[in-house]
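Listed next: structures, encoded as structure tokens.
The same chain A turns up in both complexes below, where it pairs with chain B and then with chain C.
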Partner chain A sequence: MEPILSVQNLNKYYGDQVGCKNMNMTLYPGEVVGVVGESGSGKTTFINSISGNLNPDRGKILINKDNEIINFLEISESLKRLLIRTELAFVHQNPRDGLRLDVSAGGNISERLMSIGQRNYGNIRQTIFKWLDKVEIDKSRVDDFPRTFSGGMLQRLQIAKNLVTSPKIIFMDEPTGGLDVSVQAKILDLLRKLVRELNLSVVIVSHDLAVIRLLADKIIVMKNGEAVETGLCDQVLDDPQHSYTQLLVSSVLQV
Partner chain B sequence: MNNVLKFKNKKANVAAQDEIYNFAYLDENTKRMIRRALIKALCIPGYQVPFSSREMPMPYGWGTGGVQVTSSCLTTDDVLKVIDQGADDTTNAVSIRNFFKKTANIETTEKTSQASIIQTRHRIPEEKLKEKQILVYQVPIPEPLAFLEPRYQETKKMHALSEYGIMHVKLYEDITKNGHIETAYAYPVKTNDRYIMDPSPIPKFDNPKMNNNPAIQLFGAGREQRIYAIPPYTEVTSIDFEDYPFDPSKAPHKCSICGSNDSFLDEIITDDDGNRSFICSDTNYCNQRMKDK
Partner chain C sequence: MIELNNITKKFTLHNQGRTNISVFKNLNLKINPGEIVALTGPSGVGKSSILKMIYGNYVFQSGEIKINNYKIDHKYPRNIIELRKNTIGYVSQFLRVIPRVPTIEIVMEPLLEINFDQEEVRERAEKILLDLNIDKNLWNLSPLTFSGGEQQRVNVARGLIRNYPCLLLDEPTASLDNVNKDIVLNLINEKKDKGSSIIGIFHDESSRKYLNAREIDITKISHGN
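After this line comes the complex of A and B, so read on.
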């Protein structure tokens, strides 16, 4: 099987400051890769660099689109933005960054559909209801504005908005950050269900090892902008080799 | 420069105090700059060309953009008609007509068919336009995406890459809220199957007239410093949904003066009891029909 996304030797600097350095990653279809590390370790820089939000300084990002390898950093702006609209999706930590707050919930979900050329109101409406159902938002809320939604509902709405065009690769930056634990559990359940059902390939960034353990197959541990340890999720978390990973694993709070 | 010479020859007709103005008010360099923008705009239908808008002796919102475009297009042989909401006799129309009478000493008319340049605020005349006529629109906000995406840099990119999904989000919201597309004026159009364009606040009733029109259509936005255009015989389509097609609706009444059934109507409240009547918004069209009777 060919990887759907492969990142080779990626570097991003902010002036003299290291954002992330010598990063490598391969993501296979249906696989979830977790990126963990403390605040300032370069997780967000890394995910922004590989999702088209930031321009990395060096390195290669190869995306497999229907058996055609696309060099993401060398394609034209228009193709890049088309890929971002159709093949890729980005779930922000703060759902307000990923939603239009003055557009109804249904309008938010429909935007990607219309941007790829769907022009039938009835069909679009059907798709919206299907996705509200999938992310467990009551259908009666379809015409309400996002500002009337709770934090957890907003996050679920953002997920629906992103997945509606069936993108192949999903990037998530702390999707459960800032939510209380019961809502967090609900979102995680939902994500796990969607990942299995739709065979999604996901790169997920989190500082919460429990989230990563629940969702991820593989893990990348970052510190000071570099990957200090990579491997299968269970293996790395059960038997951490690098001293920083050991520290990270031992710092998890037990209830 | 030709204009200037011609103008000087006509000098005998000009009152002495008006010789301080160049022909049609603007200086020749400015007119050349605007003509360049106009040519570029005509080459890329619907594309907004930035231009360095001048201060005009009238407030923004009164047609400074349209006046600059008209000024750059005028020759001594032109016959000018100016309408405001379809009417030849409202303040805006009368003062702009007087402005060009004074500064360019050109002939003016109220008859659509006799005009070579028609400057308009918010209407397209009912009478069909012909080749060699120029329709100049006054535009308040040229950017059709402005209310959806406030960042100008971003809208520029959206135009460049034809990312127009958000335009339909607006229509989607309309249908969801009201059961039909509520937008009744400034209804966005796609020009030559490429650029989404704001047709200035004309009623959507007028949108179909823009399509395949033999006349040249020029749009000037003075405050926003943009010029755009539709060349003759260009395809202009109003955007819509398959199951909610564009509908150029009008009030279901007849003109109470001329009885016209197919012209755009103004609603006039006639007394304090809520009585109202409907009359043609295009005064020249209405008068002409009365004369023909």
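After this line comes the complex of A and C, so read on.
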């Protein structure tokens, strides 16, 4: 099996400040990679740099689209935009960043469909209902504005909005960050089911090691903009080798 | 077949004065298909560590571990993921699941990775839950609120629903009453008869005898400290 996404020696600086440097990652179809580390360690810079939100200064991002390798940083801006709308998806920590609050729930979901050229109202409406059902939002809410939704519903709506065009690679920045724990469990369950059903490949940033343990296959531990330890998720968490990972793992409160 | 050849394992605790804890030196172990090996020895001697090295949770400093002739190499996590998906089953002592996910779905999950027929998988999950005396009323509830013994049986159901060529069992009967313990032991014996290589930790001698397990005292084969 070939990786669907491969990041090689990626660097992003803010002036003289290191955002992230020498980052490498291989993501296979159906695989979830977790990126962990404390605030300011470069997690968000990294995920933004590999998803088209930021322009990295150096490095390579290779995306495998139907066995054709696309050099993401060297293609035209319009092709990049198309890829971002079709092959990639980005789920923000704050769903308000990923949704249009003055457009109905259904309108939010249909946006990506229309942007890739779907015009048949009946088909679009059907797809919207299918996705509302998948993320467990009642159909009757389809014409309501997101601002009338709870935090957990907004996050589920954002997930539906992103997945509607069947992207293969999903980037998530703290997707359960602002949610209370009971809602968090529901989102985690939903994400796991979707990953399996749709064979999604996911890069997920979180500072919550418990979330990462439940979702991720592999892990990247970041500190000061660099990866200090990478590997199999439960190996890195159960038998961490780097002193920083040991500190991180031993700092988690037991419930 | 599971093989451990000349394994050295130590822990280095960087944040606690770089303390080195040596667990194994030159550890050798082999579990044949259709065989059950029971690890014995006092707690803290490294019984669980052996299971965790085989499953890939723990790294080792030297030597090699081979599962059906396939070497465990932490440089290639993808291969360990594949190995877990196809070859090694693991029943741990504790249930670790997403809150609010129903028991039946937790048990179905390992099979869904290789079998996409939801109905068939559900039937097999229902059967093993019935075999293990988990009340039907509980199937649609999260196991996190269950009793210790019930949780353990859910864990066993999840680990034994498939026929893995290699099976790792960490105290699978520790909190079970005698009736349920016998049921679990019989299920384990079935897996052995189907040709699994099984290695486990069983705290009571009667279980080890019942399984006709080859006992290995870890204190005699590891040379820690």
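The rule is short, and it goes like this: the second predicted complex is superposed on the first by the 255 of 255 C-alpha atoms of A that agree within 3 Å, B and C clash if a C-alpha of one lies under 4 Å from a C-alpha of the other, contacts with A are read in each partner's own complex, and residues count from 1 in each chain.
FYI, a residue touches a chain if its C-beta (ideal position, glycine included) is under 8 Å from a C-beta of that chain, and two chains touch if they have at least 3 such contacts.
Values in this document were obtained by computation on a predicted structure and should not be read as measured data.
Undergrad: Please work out whether A:Gln246 is in contact with chain B alone, chain C alone, both, or neither, and reply first, second, both or neither.
TA: After superposition on chain A, A:Gln246 lies in contact with chain C alone.
Undergrad: Look at A:Asp234 in the shared chain and tell me whether it touches chain B only, chain C only, both, or neither; answer first, second, both or neither.
TA: second
Undergrad: In the superposed arrangement, does A:Lys218 touch chain B (first), chain C (second), both or neither?
TA: Second partner only.
Undergrad: What is the contact status of A:Asp16 with respect to chain B (first) and chain C (second): first, second, both, or neither?
TA: neither
Undergrad: Tell me the contact category for A:Glu111 with respect to chain B and chain C: first, second, both or neither.
TA: Once the two structures are laid over each other on A, A:Glu111 reaches chain B alone.
Undergrad: Who does A:Arg192 touch here: chain B (first), chain C (second), both, or neither?
TA: second
Undergrad: Pick one for A:Glu74: touches chain B only (first), chain C only (second), both, or neither.
TA: Neither: A:Glu74 stays clear of chain B and chain C.
Undergrad: What residues on chain A does chain C touch that chain B touches too?
TA: Looking at chain A, the two contact sets are disjoint.
Undergrad: Would you mind writing out the residues of chain B in touch with chain A in their complex?
TA: Against chain A, chain B makes touches at 157, 160-161, 163-166, 168-169, 172-173, 175-177, 240-244.
Undergrad: Can you name the residues of chain A that touch chain B in the complex?
TA: Contacts found on chain A: 77-78, 81-82, 85, 100, 103-104, 106-107, 110-116, 119-122, 124, 143.
Undergrad: Per the contact definition, I'd like the list of chain C residues that touch chain A in the complex.
TA: My answer: residues 11-15, 52, 56-59, 74, 77-78, 80-81, 96, 98-101, 112-113.
Undergrad: What residues of chain A sit close enough to touch chain C in their complex?
TA: 26, 28, 31, 181-182, 185-186, 188-189, 192, 196, 213-214, 217-218, 231-232, 234-235, 238-239, 241-243, 246-247, 250
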